[in-house]
Amino acid sequence: MQLSVRIAKRLSKSFSLEAEFDAPAGFAMLLGPSGAGKTTLLNCIAGLLRPDAGRIALGERVLFDSASRTNLPVQERKLGYLFQNLALFPHLTIAQNVKYGISHLPAEQRSERMTAMLESFRIAHLVDRKPSEISGGERQRAALARSLVTNPTMLLLDEPLLALDVVTKAKIVDDLRIWNAEHAIPIVYVTHSPQEAYALGERVVVLDAGRVVGRGMPNEVLAAPRHETIAQIVGFENVFDVTVKSVSESQGTMLCQMDGSLTEIDVPLGHVEIGERVRIAIRAGDIIAATERPQHLSARNNFAARIVSIRREGPRVILLIEAGVTFEVHVTPRACDELGLAEGSPVWLVIKSYSCHLVAPRE
Amino acid sequence: MQLSVRIAKRLSKSFSLEAEFDAPAGFAMLLGPSGAGKTTLLNCIAGLLRPDAGRIALGERVLFDSASRTNLPVQERKLGYLFQNLALFPHLTIAQNVKYGISHLPAEQRSERMTAMLESFRIAHLVDRKPSEISGGERQRAALARSLVTNPTMLLLDEPLLALDVVTKAKIVDDLRIWNAEHAIPIVYVTHSPQEAYALGERVVVLDAGRVVGRGMPNEVLAAPRHETIAQIVGFENVFDVTVKSVSESQGTMLCQMDGSLTEIDVPLGHVEIGERVRIAIRAGDIIAATERPQHLSARNNFAARIVSIRREGPRVILLIEAGVTFEVHVTPRACDELGLAEGSPVWLVIKSYSCHLVAPRE
Amino acid sequence: MMDWSAIFLTLRLALVVCALLLIIGMPIASWLSFSKWRYKFFVESIVALPLVLPPTVLGFYVLVAMGSQSPFGRWYQSISGHAMPFTFTGLVIASVIYSLPFAVQPMTAAFGQVDRNLINASSTLGASRLRTFIRIVLPLSLGGVVTGVVLSFAHTLGEFGVVLMVGGNIPGVTQTVSIAIYDHVQALDYAGANHMALLLLAFSFITLSITYSLNRRAGIFYRPYRDSALRPEVGFAKTRRH
Amino acid sequence: MMDWSAIFLTLRLALVVCALLLIIGMPIASWLSFSKWRYKFFVESIVALPLVLPPTVLGFYVLVAMGSQSPFGRWYQSISGHAMPFTFTGLVIASVIYSLPFAVQPMTAAFGQVDRNLINASSTLGASRLRTFIRIVLPLSLGGVVTGVVLSFAHTLGEFGVVLMVGGNIPGVTQTVSIAIYDHVQALDYAGANHMALLLLAFSFITLSITYSLNRRAGIFYRPYRDSALRPEVGFAKTRRH
Amino acid sequence: QAGAGEITIAAASDLTFAFKDLTARVHKQTGNSVKLSYGSSGNFFSQIQSGAPYDLFFSADIDYPKKLEGAELTEPGTLYEYATGKLVLWVPTASKLDLKRGLAVLTEPSIRKIAIANPQHAPYGRATVAAMEHAGIYDQVKQKLVLGENISQAAQFVESGNADHGVLALSLAVAPAMKEKGRYVEVPSEDYPAIIQAAVILKSSHEKETAQAFLKFIKTPASLALMAQYGFTILNQIAGEQNHESAPN
């Protein structure tokens, strides 16, 4: 059963959504910066917002089609929707909230299912509380339980693990994976976290300013981002604009000059002409810092540079290093100590061409 | 100006809060699993909940003291509070929301401050929208702006960067750091993310089940966790119960048998007797996997083991490896390829004694 | 001299009218709250009209509309065998018309305040519009609904002008307490009037007190943070300072 | 025969009473909503009492209480130089008492529905209780407040029994429209009664229509998701299916 | 035809006292029971037009029954003038006014409020205004008038001390509630048109015989005496009496 979405919806003068993607059974991770239109997209799929045009179908079932003027009411779409703002019923207990969507089942079965769900989310002891009497993360889990318990034909989760600590999050990610194995339905899962996208995602859709800017397997889309937004989402800390100076087809690289400096950098070949400007993204962890000029290295890019600042953040050290432009570089605390790095001290930066990813700029 | 808190508050039969900590000007990061009592603690400090007993003071100002029966009304505590549920005024525009707390200023100054704040949070274009007309992350930022704009004498932030993408988050973390440099006030900052704790925290308070279980500098508290909760928060993926078999004072280690298996492991010396049970935590990234029996290594613990599962998650590969007990081990994709690791294949695990952290178990 | 038949009649009338108003008023109120029809204000105004007419005048018009000189009155008489005015049924209909706005207005206001997010959530959970109304909208606006019921109950209890006109003050059939008291006053029998008025007052006061204190304890109305630990210190409440 | 003085008098009365009820009713309602006093239900019941008394009976008691035989009446006469009944002031006081519950009840219900989180947020932003009330509680419960005002305005417009008792039907001073119409009906001058009633109806209808349609357009009441893009499709509204 | 009958009488409010007594006697003597519905005659008129289930209508004036007769809603030939109303000038006991001056006393500046019935529709009100005009004081006292919906309400206004004077019906002035509280003087009946009160049996009545019996009963001398006790006397009787008594004047 596959969800296929192709819709257009104008929300305001400054924002309109135009999205197209398919999601077979399994997790489709929806990523994108704040305000990209993720919630709007889910609302359209759920039937809470009526698209201006397009078509939404789940397998054979057409949920919405502007051509045939079909618009299935929300109630009949049989979906689970975890709202970004949860929308727990404030006057009902957690138990009543969770059981709300399965009122057609016999009472016993209802309680069983509810308890199983809540236990797996570790909030079974809160069944008799009202939503205002539990903590933020507990509410999050209650809302998730409420949307899963109905055995929907499609699941829409808007940042379901938002307010949770690492442990609970990991536990629920596991639960969701198991749940999905049992229920082969499409799950559209909004998240800001590339970790979650990797952990759960069979496919990824990246939205930016209402447009789909990336779509495919997590590794394809996220590991080698072709769009600046994606690069930023997955934490490519260094994004630069460069101008193509020369192209070496044989090497598969091109030499580019970085905007605002004389520094030149070798990057993988792209479909661009000499003189065109492109944008490149480099992971801070992919840049090597050395205290002496590196020799006999395959890496093409070597820059003499100077350390601007050093900040330790837990298990890593964040260096800001100036080499015409400013690079963010991450090293381990041990490396930092062993190399005796200090603010103001000179270093060499080593960057492999293939660590530089060409990305399409945001508009 | 230092915030000092020492309070007790019973919320229900099953939950009570007893917390004590000091927070000088700067960020005090409040961590803890969902339901630990973080929001409850903030509510007590803000004056929205009246503690059963204790004392809360900000510098010379006593905000609450059960002994002298002092209880400053919320309005006079002059604090900024970002609520976990935001609590934006739904009938006011974003501009009106943000200006709400600075009505005493002249109109011009009010607009200036608001605009500056919103611009720095990249939501200046939304000033005239109502909270229901903007996205979740935009709401989050608007609420943050509202709590900062009043120049409070103390700031309480309940998961302020929750619904934000990595880039916006990084930008706001920077803004907060700059803001704090200008306003030397205590900021109590609730987060689930050890990254944020490292990035911002000058000190960390870890709460679990209503009790403070860790307190100090981020590196002290988080890097070498002394409590299971902390280990889990910062992502010590491996937590085991072990029984002390023998103690070697000279080596500074003790040999322990892992529960439910015959595997023995060498861990750093603790204040425990032979035969006692302790709990140890090991980061998945600190465990080395090798395809041949490692020789000439300082690491004391070498286990013959077998790979149970391999899962690639972005820039890392997660191995579950069985050696009497199951270890989670993280390696780089390249290492995985080079070693030719496959499900079912035998490996050796290498663990340094000092990678094993003794932690106090959760009750 | 206690006129028990008048008291029971009044109670019966108020209860029947109240029940009918719940049945008629809730659909109207929810339509008024949720409809997006352009000319809704027209219906809103019509529903509110009985408010502004003096009760006796309204009663007069109702009397004429129901009476044997009107087509409706003749039709009713032909199928039921008797005229509608001066019967309990007539009283009920007149009172329902008269009290309708008192039931509908608070309900409409309350329904309009219910968070659309929750209604959306209910729909995604497969609930029909009726179920959503009963399980979500109604409990969350119970304050307004109860206000509507209390106002219309009380309004019918104390109703005078319309009942006088349509009922004809026939003891045991259409003579309600308020009219009985009025008769006493007209007869300058102040003692008798006081007597009945006090009884009515005491009865009403006890009913109201029980309703309100029960509500306080059992929390019939949903209130945000009703018995949450956050309640005691809410900023709006007076904070003691010793 | 159009009795303009009665119409203006009635309007003036309704407006004055309405304004007074806003001033008196809002504090009472907000106290009733936010107080945590144990015996609050007692006050709630007392406020609701005028509801259940027949207006003429209430009017009679007010008449006695204001009259020169009562201490209050004598006191008023000694400071004002004239007796209170049969004056505009007397009418106003009687109508305020009579309409008080119609103003207070919807307001109390609406205030009680306001999310405590928002009140807390306002307090942490340094707002006094008054400011919180004016800027947060009031706008968020405007539906209820407007209902209270409309109900009490309309109730006063159509008020009959109390005014009849206390007013003495003095043209230009205490003769309101409802009493003027009643007099026409009593005098069997149905044409005159119809005339005035129609005028009153038309006037009320136009006023109400303007109020409601303005409100619809300008959104005087706050409604969750009022003009948000989510509004058009909300689950509760009928979803067309072609 | 003893026992079985039960009738409902629509009676003008001022009959309250008299009919309580009278109907008790009817019940005792004939076994018929009487349900009494008091109210304003104007209301009864509208209600009877709309088919109200009354058997007998005791109006406070003769116009309403006449109009009903014209509309053929009454049993022909049953119209009966049962009494003639009399106006009195009433003051509370404490008042020092000299009632002997008649209506003229109302021009005294110390008098602020005078309660009368509404002349627009109440028979007593019309009579009062006529009497005042006859005394030539109407324009002077016009501003002091407060109008009761009916004569009974005018009585309440004076009784409660809110009006200084009242022009009331004799039947009210002799009522126990008013008797002890004030003094009164009759307004000469030639000063105003006679207030003839009439009763009629309605065509829609199902108990016409019982109603006839009641009318018959009320015409008996004992009943007439009783009515007189309550301030209701029949015109020619009054005329006769007055002729005797006022002869010396």
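Letters A, B, C, D and E mark the chains in the order given here, with residues in each chain numbered from 1 onward.
One rule holds for everything that comes next: a contact is a pair of C-beta atoms (placed from the backbone, for glycine too) under 8 Å apart; a residue touches a chain by one contact, two chains touch by 3 or more.
Being a predicted model, the structure only gives us computed values, none of them experimental.
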_What's the farthest chain from chain B if centres are computed as the mean of the Cα atoms?_
E
*Which chain lies the greatest distance away from chain A when centres are computed from Cα atoms alone?*
E
_How many angstrom lie between the centres of chain B and chain E, each centre taken as the mean Cα position?_
91
*Report, in whole Å, the distance between the mean C-alpha point of chain A and the mean C-alpha point of chain D.*
55
*How many Å are there between the centre of chain C and the centre of chain E, using C-alpha atoms for each centre?*
38
*Out of chain A, which residues touch more than one other chain, so two or more?*
12, 47-48, 73-75, 85, 133
*chain E: positions in contact with at least two other chains*: 43, 46, 153, 156
*Indicate the residues of chain C shared as contacts by at least two other chains.*
60, 115, 117, 120, 122-124, 129, 185, 224-225, 229-230, 232, 234-235
*Can you list the chain D residues touching chain C in their complex?*
34-36, 40-42, 44-46, 48-49, 51-58, 60-61, 101-102, 105-106, 108-110, 112-117, 119-120, 122-124, 129, 132-133, 137, 140-141, 143-144, 146-147, 150-151, 154-155, 157-161, 177-179, 181-182, 185, 193, 197, 200-201, 204-205, 208-209, 212-213, 215-216, 221, 223-225, 230-232, 234-238
*If you look only at chain E, which of its residues touch chain C in the complex?*
8, 10, 13, 16-17, 35-39, 43, 46-47, 49-54, 150, 152-153, 155-156, 159, 172, 175, 177-178
*If you look only at chain E, which of its residues touch chain D in the complex?*
40, 42-43, 45-46, 67, 112-113, 115, 118, 120-122, 145-149, 153, 156-157, 160-163
_Partner chain A, residues of chain C touching it in the complex_ = 115, 117-118, 120-129, 131, 135-136, 139-140, 222, 224-226, 228-230
*Enumerate the contact residues on chain C facing chain E in the complex.*
60, 63-64, 66-69, 73, 77, 83, 85-86, 164-165, 168-172, 175, 183, 185-190
